[in-house]
Amino acid sequence: MTNSAQTIDPALYAAVTDAVRAEARKVLESGAVAAVVGWQAGRRAGTAMPTIVTDPAKAADLIFSPACVNNLALYLTKAKKEVRGKGKIAIVAKGCDLKALVGLMGENQLKREELHIIGVVCAGVQGAAADRSLPLSEATIAGKCRECTVHTPENTDVTVGTLTELPHFTPTESAELARLEAMTPAERWSFWKEHFSRCIRCYACRQVCPFCYCEQCLCDRNRPQAVETTPRPAGNMAWHIVRAMHLAGRCAGCAECERACPMDIPLNLLNRKMARELKELYGHEAGFKPKEKGPLAEYREDDDQSFIK
Amino acid sequence: MTPAKNLLTYSYYPGCSLHASAKEYDESTRGLFKALKIGLQEVPDWLCCGATPAHNVDELLSLSLCAKNLALADGVEGDLAVACAACFSRLKVTQHHLADNDAKRTQVEYAIDGKVNLAKPVKHLLEILAKDFGLDNLAAAVHKPLSGLKVACYYGCLLTRPPDVPQLDCVEAPTIMERVIAAAGAETVDWSHRMECCGANFTLSRPGVVLKLSGDILQSAKRAGAHCLMVACPLCHGNLDIRQKEIEEATGERFDMPVFYMTQLLALAVGVSPSKLGFDSMIVNPLPLLREKGLV
Amino acid sequence: MHAHKENHDFEPKIIAFVCTWCTYAGADLAGTSRMQYPANTRVVKFPCTGRIDPVFILRAFQKGADGVLVSGCHPGDCHYMAGNFHARRRFAAFRALLDFIGVDLQRLQFSWVSAAEGGKWVEVATELTERVRALGPMREFKELEAEEQWSGVIDTPELQEAYNNIP
Amino acid sequence: MSRIGVFVCHCGENISRTVDVEKVAAEAARIPGVAYATDYKYMCSDPGQGLLKKAVAEHKLDGIVVAACSPRMHEKTFRNAAKSAGLNPFLCEMANIREHCSWVHEDREEATEKASAIVEMMVARVKKDRKLVPITVPVTKRALVIGGGIAGIQAALDIADAGHRVVLVEREPSIGGHMAQLSETFPTLDCSQCIMTPKMVDVANHPNITLHTYSEIEAVEGYIGNFQITVRKKARSVIEEKCTGCGVCSAKCPQKKIPNTFDKNLGFRPAIYVPFPQAVPNTPVIDREHCTRFINGKCGVCQKVCGPGAIDYEQEDRLIVEPVGAIVVATGFELYSISEKPKGSPIKGYGEFGHGTIPDVIDGLTFERLASASGPTGGKIIRPSDGKEPKQVVFVQCVGSRAREKGISYCSKICCMYTAKHTMLYKHKVHDGQAYVFFMDARTPGKSYDEFWRRAIEEEEAVYIRGMVSRLYQKGDKVVVMGSDVHVGVQVEIEADLVVLATAVQPRAGADTLAQKLGISYDSYHFYSEAHAKLKPVECATAGIYLAGACQGPKDIPDTVSQASAAAAKVMTLFARDELEREPIVAKVNERNCVACLYCKKVCPYGAVEEKEIRDRQGNLIRVVAYVNPGVCGGCGTCQASCPSKSVELDGYTDEQIMAMIETL
């Protein structure tokens, strides 16, 4: 398998697909797991969708391709979480998905021993507007994948695939972050105001986030109402600030919120910014090992307090 | 993974002594680093570090001298390697002192008309050998193990002190010299005066003090059964080597204790020709001992 | 001290979220010591800075505060041992977020004021009031409150007239 | 609609001088939900309170705002008044218009406006106030004392004498602790064992004390008044109930060369032993690590010679559960060993002092054993290396203590006095000997302490040299001490026969582990933290747990005993009531919404949050939620601010109350 200078060889994904199918069949046949959460081909060519396979014969339906954008961790805590009642569950996870799984373990939502994690080596997935017939390239790869540091998952039960040398992609998200940081506060305010004003409060970002697993969201409460619920600019601003704050130190960086947003609000910029701040302040990074406490649930006596008078 | 070759490279601040009375320290350092394939590039136009006198007379001057040297070293690639214990101490003290004293720093930067580089890592040769190069790699490079040679490692005052400044090793009970020379196959002795003062520059003003203090050191080394001393400081070397005859006369006790720079012994072990290690400039002739141990 | 009252064009609303053990007591001490400071500050008492949710700060700005002060016990003095340590991290993060959104951080002050620091309370409250007074009203959130979107946009004269005619 | 009463106080003229109180009352009356508003000269006076009570009845008030001074001043007063008027006291709030308003502003208009704003804020709050009922917790009148040194013994005896049951747990085979090792005690030089052993016997004979020696705390559950302690009773291999303490087993044990740790390894003991002759209980224990029977199965002498048949090689550790209502922690100290750097400790070693490598360099406790009449030498001072009587002894103070660069910055407090004592004991036994002491400062505050120290110098001729020691080394059969005399300004070298190091007092190894089990906090050295340095010196921040002795910080015997009695008094205060009542400002979990992310548990400084399983009637687990134990909760509210879904709420400071206040801006 080689990648030409500009594109990522689809063979890489084909090899992973074969290995995922074999592993899924094995663990289903042996009864080691009750179900495998993975992706299967979508109805339209070049697409993929999440699936839950319980029959070893159906293991061949599983695929891994640049269209496998969804973070499947979501399916264990929210949508389809009833599947966990059946027994041990296998789940196919890219590096970014695995960080979400690990985060959920740290938050007492998942137990490592109840999962069989099939890590997949991932060179990247498609961006939202990509032409699905083309291999991954500068033009088609998702923003988050351009600066990915977790191509190869660790601490899995099995990891399939081999990473080859990848083309260099322009780090668009970092560049955008730097651009924003260079602005004056007033400029940043109008940037976000413009974006948030478009928000229609469909809460797709919340639905798709593996960490938004609360039974009742603070923002839906009316006694007291902390955040206005109508899609007016004031409430939108509050919603997005609260959302970013609640994910600070927890977000795994899968960028599903941004992908799911119908109004194209660059939500992952907020997540990325908070992740970087917490790394700089407290050395915290979402990783492959569950942490007992996140950066905002622990402290050191000598934490920075230069901002406090 | 095979050990990386040619990766280590350092800027080098020899200091005045190494260009004069301690020429053999300089020669053996260069020889050793060449043999180990560690890059060493001398900082151009370096100045005196101020040594022990400057800071007693004019603090600003002593800090500025070192600051200037750090600024000069900035132009040369690699961490700054220093051989002389006093230069090492002064450079480290300067960085330590200016790091949390903005007012002083402003003064110094005015004096040297430039920025001070507080971030440039200043490393003693021992640190480079033990930590960067690695003791295993050092041991692997040894052609002629110093077997049978009992060495008393002498640290003197400045290598590890004051606490928190040089951060070379444990302040009062260091082992880095022992570890380095043991990697070259020598045997080290456990002795009491490893960290005592040799009398330093009283050697000119009050030689009596030096005779007493250096005498104690030599006695202690001898008591522990050492064949020789190993040092990392030109001034200590001077007191222990040049004054040894006088000490013998004063105490009536014969020592015959060659005083090596650590690089001389290490270079010998890794196969540098003895003729290039300046053994002839030592007052206490080391050759009988080295011959006896089959090392030359 | 009977300084004459200065008239300012703008008097900011300052809300102070303070812990009951240190800063509230410090503010009490400023009172018993008859120290003087601008009358703009409204104090909301909490058991501990650890109880202060960033949402409160956000809500305060939305409800018209021009400046927010958050103050509690010095590190190590927390009545609950660690509440202020947790708060310190939470606010460091929240501050960074607000900054990134474009909120002027000069309007948000954090401080440690102990029960013995009546003078410091006065200093902190005065400084923030004067700074915010110079900055002028916190327009950003207030303007947002007034803005409508979607069906609420009154963008034709007819709509405007209808809107004006609402009794 | 609520019916709030607002009462604006003039406070004589303290408020009314700058605040137009009538206007404030008038404006308050216009706030929706305010049924009654008035002003009065002294609200806190009897007539003022009467006015309030009368208004509650007349206007059927369901909430009260008293606009007056700081709640820190009179909240209790007015809540009591509200209570006697039949209102839940937590429906009464104070608007602080004195300390926060009239006293700090001079402009009448501004101050009046601010006072009205404060009243409005508090009215908004009161509308969201909920009735709260003080929490009562039953109290188990049984105490646990951890540690059987002088602190634990004193605390146990005091509590037991007051008529309460006490469980005393000691890690070693005998109680007695360090005090049992000492020779004579300062400043009176009375024999330590003479004053200690009667107390040990009292413990053994006290009907209210249950003693578990050779035992450790395995687990701690529960909270003030209601702890469940699991004690691990380590296998002694001797059945306590059968053993008569005749000592034949020890006498006949063929393995006799085991270093005696009680004697600081100066002498030897057999594999089945009592640590010292006056041990309580006088029941031996088999040291399984050294016993031939346990090493290769080839002995069994003790079992054969034991008349009562008390030896049980198969005995296993036992776990005993003890319900108690209060805990006294008295785990004491140990001396810092300078020869080796404790693992994972930030404290740096003292390789240059040669302790552990030079046999004639010993620590203070070893000297105590040498000087003790019941010690391995029978009280004769000799050198460990060759048994000769030392003629020059150098004592070095502050070894490890007050040495920031070595990792300990505190003063160990007892060393100045015990070193002075050592020089005296030495002089009393070796009349022609000379003692030297290197010291930084002599710290001798305490009754008759300075007199004692002066006696060491003036009468017993100890030579005190002010200065530090840099290095010790062996030279022939002497130990050379290199130091400085800063008074004279010279370097000093003394060739000593014996060197005694007063090494730092440290908490017991494992103090941190025990603290984690107990849920109490400790400092960077692992000394346990008291709740308040001045006003709560024996309480832990964790309710129901008290500290005694050196586990909290270095202490001498008198201070230790005082603190132990103080801790005992605290326990008795707690036990004086059948139920404990506390302010209901505690967090509660909304179990319907809680998703058990347990952020609350992670941040709780009190360890008050537990996981709770919700099960259906068949006992099937439905889900797990967080549960806040109201007995343990301190009421800081950090959990609520950390809870993503706000499923935990602090009573008295709910989001609704706070938000309502913010809304009035």
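Residue numbering begins at 1 within each chain, and the chains themselves are lettered A, B, C and D in the order written.
Note that in this section a residue touches a chain if its C-beta (ideal position, glycine included) is under 8 Å from a C-beta of that chain, and two chains touch if they have at least 3 such contacts.
Remember, it's a predicted structure, so these values are computed and weren't measured experimentally.
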A-C or A-D, whichever has more C-beta pairs in contact: A-C
Whole-Å separation of chain centres (CA-atom averages), chain A against chain B: 55
Whole-Å gap separating chain A and chain C, where each centre is the average of the chain's CA atoms: 35
Between chain D and chain A, distance of the C-alpha-averaged centres to the nearest whole Å: 46
Whole-Å gap separating chain B and chain C, where each centre is the average of the chain's CA atoms: 60
Junction residues of chain A, two or more chains touched: 218, 226, 296-298
Multi-chain contact residues (two or more partners), chain B: none
Chain D, residues touching no fewer than two other chains: 603, 642, 655, 659
Touching pairs - complete list by chain label: A-C, A-D, B-D, C-D
Touch list for chain D against partner chain A, complex: 592-599, 602-603, 624, 642, 644-647, 655-656, 659-660
Chain C-facing residues of chain D, complex: 70-72, 96, 98-101, 103-107, 110-111, 113-114, 117-118, 121, 521, 541, 585, 603, 605-606, 634-638, 640-642, 650, 652-653, 655, 658-659, 661-663, 665
Of chain C, residues touching chain A in the complex: 54-55, 58-59, 62, 75-76, 82, 85-86, 88-105, 109-112, 124, 140-141, 144-145, 147-150, 152
Residues of chain A touching chain C in the complex: 180-181, 183, 185-193, 197, 218, 226-227, 231-234, 237-238, 241-242, 244-245, 248-249, 270, 273-274, 277-278, 281-282, 295-301, 303-305, 307-309
Residues of chain A defined as touching chain D within the complex: 107-109, 213-218, 221, 223-226, 246, 292-294, 296-298
